[in-house]
Amino acid sequence: MRRTLGALTASALILAPFLWLVVSSVSGQTDLLEHPLHWWPEHVTLSRYQEIFTGREGVAAQFRAAMVNSLIVGAGTVVVSVSVGILGGYALARLTFPLRRMALMSFLVTYMLPPIVLIIPLYLLMARFGLLDTKLGLIIVYCSLATPFALWTMSTFFGSLPVELEEAARVDGCTRLGALVRVILPLARPGIVATVLFVFLLCWDEFLYALIFTSTSDAKTIPVAIAEFTGRNAVDFGLIAAGGVLAALPPVLLAVVLQRHLLAGLTAGSLK
Amino acid sequence: MPELHLPRRALLAAAALLPLTAACDVGGSNSPDSGGEGSGEGKITALFMQQAGYSEADIRAMTTDFQAKYPKITVEPTFVAYEALHDKIVAAAPAGTYDVVLIDVIWPAEFGSKKIVTDVTGQFPAAWKTDMLGGALKTAEYQGKYYGVPWILDSKYLFYNTEILGKAGVDPTSLSTWDGVLAAAAKIKSANLVKHPLIWSWKQAEALICDYTQLLGAFGGKFLSDDFKSIAFDSGGGLEALKWMKKTIDDGLTNPNSMESLEEDVRKIFSEGSAAMALNWTYMFNAANDPAQSKVAGKVEVLPTPSASGGSPGVNGSMALCVSGGSKNQKAAWTYISYLTSAEVQNKYAKSSLPCWGKSYDDAAVVSVAPKMVAAAKKELASLISRPEVPRYNEISQILQAELQQALLGKKAPEKALADAATQAKSLL
Amino acid sequence: MRKQAPLAAALLLPAALVVFGVVLWPAGRALVISFLDVDSPFPGAYPFVGLGNYADILTNPRFWAAAQHTLYFTVASTTLEVVLGLGLAHLLAAPMRFRWLFRAIVILPWALPTIVNGAMWRWILNAEYGALNALLTQLHLMDDYHSWLGADPFLALNMVVVADVWKNTSLVAFFLLAGLSAIPAELGEAARIDGAGSFRVFWRITLPLLRPTLAAVLVLRVIEAFKVFDIVYVMTGGGPASGTQTITFLTYLQAFSAQRFSYGAALAYLTVVAVLLLALIYLRLLRQQEMRAL
């Protein structure tokens, strides 16, 4: 009971601002600027969603293209970063080798550098390899952002699994990699899922690099598209809200699909 | 978990790794992509912004017409938000991504001195110097050289709500001076017509400097001494302007939310009828008179900026088209710029942005777009005041924004705030 | 032991290529630049100033103000996120009806792009039309509309913390949820049989075992919070009166707006040093806590 109450309170606190975003997205402009504000609009309008979904050119088309770009860039980065993160994370967690800590630290140091100072040299590199304004270019840059983190979390999750299970598998004749694939990976599934979510959302969220490295609908991502129509329509918050609601949907769907794997390892959630 | 145990040695070693990478530096940096004239044909890329002035659709239409006229040049226009424009130009400069870039009036000194945009004085026809409005001409000029061609001409005007002024019995002609504005605001407030008659864009951003500049000009102030070697805003008109601003807050005439407002917030509040008077760019005239976006449509009038002891110069808020320093096709870029800035093209799109050419303001087609706006513009655009034309303007502006807010929020006396700003800004000249 | 090194190298190589292939040159270049006086984006020969930029920064009051804001922001937001995230993770792990729905709700803020999150809070906190003002006045908790982001620099900074906590607590909660799954259920059950209450089980058994995940997520959040930029850019632009200017925001203003690339690069490396120190302090604290708990 106490837990249900807690869950309800938490849900309310989380949902209140978001619901206001949803309400704003369907409120007529005059409702939004009302004094005193009422909480349900007199004029409910879906015009902004209509505009985003059906608009032939300009904002609408750009938004749809940005959605697709963000999905592709996010998926590409997840595949690369999480794979190399699993391999490297395993090495960091389970193998003994010289300079292990230094290897981990040097990855983390790259993660600590504010992107702003890397932008101009990176821009030159990307220009030289023809990667500006391409999804591939963004995937490459995002992989470099997400991988240190994927390494760090995967090594943490691997490190917290009991060594005995793996040893048992190896006694049964598995190679190290065989044990990784057959024993460790299934057990580390919650950690992998959390890392996948993190990497995907990092790409979904990233603004500064995307802003500078993309210039057309070929590669512009969701945050850039939203920032652009924020600039143009600052007066109509509803349109920004509609864009925000739509931008939140794909990751939420992904999370709903993945959530059952988040706590599926040793305990299946039985430790309370 | 063993990773948590990070001894100091590992840290030092990790830190030591980075200088190693410096060795790789030499390889990449010694081949600057320098620009060139080009054949005058082929493909060029242009960078525009999306907010004010010509719309994306306008620019695409202009470009289509241009390509019909010059079939050997293809143009790829790209668009960013204004907030990203400066950074995008800087980041792209070494790679020469863009041939044509749109720049704000505050950047020619910075971009020109760093060769991010090219000096086009040689190509600038003598006739343009007389045919363009005086205020416009200064837009892309720095130390006697032209670094671009003025394209989007703008300044801040005084907008007022005829209904509120009518109810308060204020004669709009009294709004020709800032004293008059103050008196009108006091009258409106005491009649309880709106809580705060004035709204401004005084958020810590360039918008604050625009409003301040216009007031500084009205009070006869100067940013810098005439030789650009010392600070002048900390006394005289500069100080008076800030004191005046503070007074409107203290008297309850200025909406305190001005300190978190940009131009679009000003438009929103004014369009809601929550303010009687506001300073804003040209675009607010159409926007606030559009019933779809405004509750006060049809009740909005515009006047040239009011005067005080020092006259009534508007702030120069124009933008110019430039050939980028990294462009490898500068000739074609210039052809495109010449076309976009021509009087014919500008007159055709006068509804989106008023032309830079003096004659256009007598062109019936242009005037008919918005007669009252054009009348106000014609007067104000003849004399504009510029923000300091120095390469490190952006830094000076950042300092000034912060100190002006200190004063407006009552954390420092105006004298102290401006003196502090002057001390910090002195070394940047 | 020794023979594990080649395997480790092979396993780490892909990650190293993916990261250092992209970052090494820009990061190295930024470090070199921090010792020069580079004032334009073009490559070329620039004067060497040694530690001049670092000295400049450390004697500039604007930097110290930004450092204070950054430290406050980092400590306040990460502490709140970890405390709230722990509670949330605990709820998320509990068996209940509609658990999938609860998880979907919790993930919402994390899924909302920062740029939208910032715009949303700016809208909620809007002094003229904001929902918070409307709510508080309609509940008679406040007489008049209040300016949350424009009047008081410290209040504005706290509002930025609120927006950040609202979004990133989800991330912390989900990582801790994943960490919970590595804890053998038998431990908790055994303790419960011995008569320990849920709180004691959580405090004595779950929390210590959760420590590695907690450390990982905390270090991650500290790094990100210290680099905070987007939310400030969208919500306040560093104002009012520079009260929400953080180090990364200052870096942005200096490196980009002002084209003082060397100054910006030096700021970035100072940031790295500061984040490292902060991360180490947190890790050290967590280790001590473990020793006391066990």
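Read from first to last, the chains carry the letters A, B and C; within each, the first residue is number 1.
As a working rule, contacts are C-beta pairs under 8 Å (C-beta built on N, C-alpha and C of every residue); 3 or more make two chains touch, one makes a residue touch a chain.
Treat the numbers as computed from the prediction; the structure is a model and nothing was measured.
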Chain-chain pair with the highest tally of contacting C-beta pairs: A-C
Chain whose mean Cα position lies farthest from subunit A: B
Inter-centroid spacing, subunit C versus subunit B (mean Cα positions, whole Å): 34
CA centroid of subunit A to CA centroid of subunit C, Å: 15
For subunit C, residues that touch 2 or more chains besides their own: 25, 27, 29, 41, 43, 129, 212, 215, 256, 276
Residues of subunit A touching at least two other chains: 33, 92, 108-109, 120-121, 124-125, 152, 156, 159-160, 227, 230
Junction residues of subunit B - those touching two or more other chains: 1, 5-6, 11, 18, 28, 87, 90-91, 94, 265, 268
Interfacial residue positions of subunit B with respect to subunit A in the complex: 1-3, 5-7, 10-11, 13-15, 17-18, 28, 33, 47, 50-51, 56-57, 78-84, 87-88, 90-92, 94-95, 97, 262, 264-265, 267-268, 271-272, 287, 293, 295
Subunit A partner contacts - residues on subunit C that touch it in the complex: 1, 4-5, 7-9, 11-12, 14-16, 18-23, 25-27, 29-30, 41, 43, 87-88, 91-96, 100, 102-116, 119-121, 123-124, 129, 131, 134, 137-138, 166, 170-171, 174-175, 177-185, 187-189, 198, 201, 206, 209, 212-213, 215-217, 219-220, 223, 226-227, 229-230, 248, 251-252, 255-256, 261, 264-265, 267-269, 271-272, 275-276, 279
Subunit C contact footprint on subunit B (complex, rising order): 1, 4-6, 11, 18-25, 28-32, 86-87, 90-91, 93-94, 110, 114-116, 203-205, 255-261, 265, 268-269, 274, 392, 394-395, 398, 401-402, 405-406, 409, 411
Subunit C residues within the subunit B interface of the complex: 24-25, 27-29, 31-32, 39-44, 127-129, 147, 149-153, 211-212, 215, 236-242, 253-254, 256-260, 276, 280, 283, 286-287
Subunit B-touching residues of subunit A, taken from the complex the two chains share: 29-30, 33, 57-58, 92-93, 99, 101-102, 104-106, 108-109, 119-121, 123-125, 127-128, 132, 152, 155-156, 159-160, 211-212, 215-216, 227-228, 230-232, 234-236
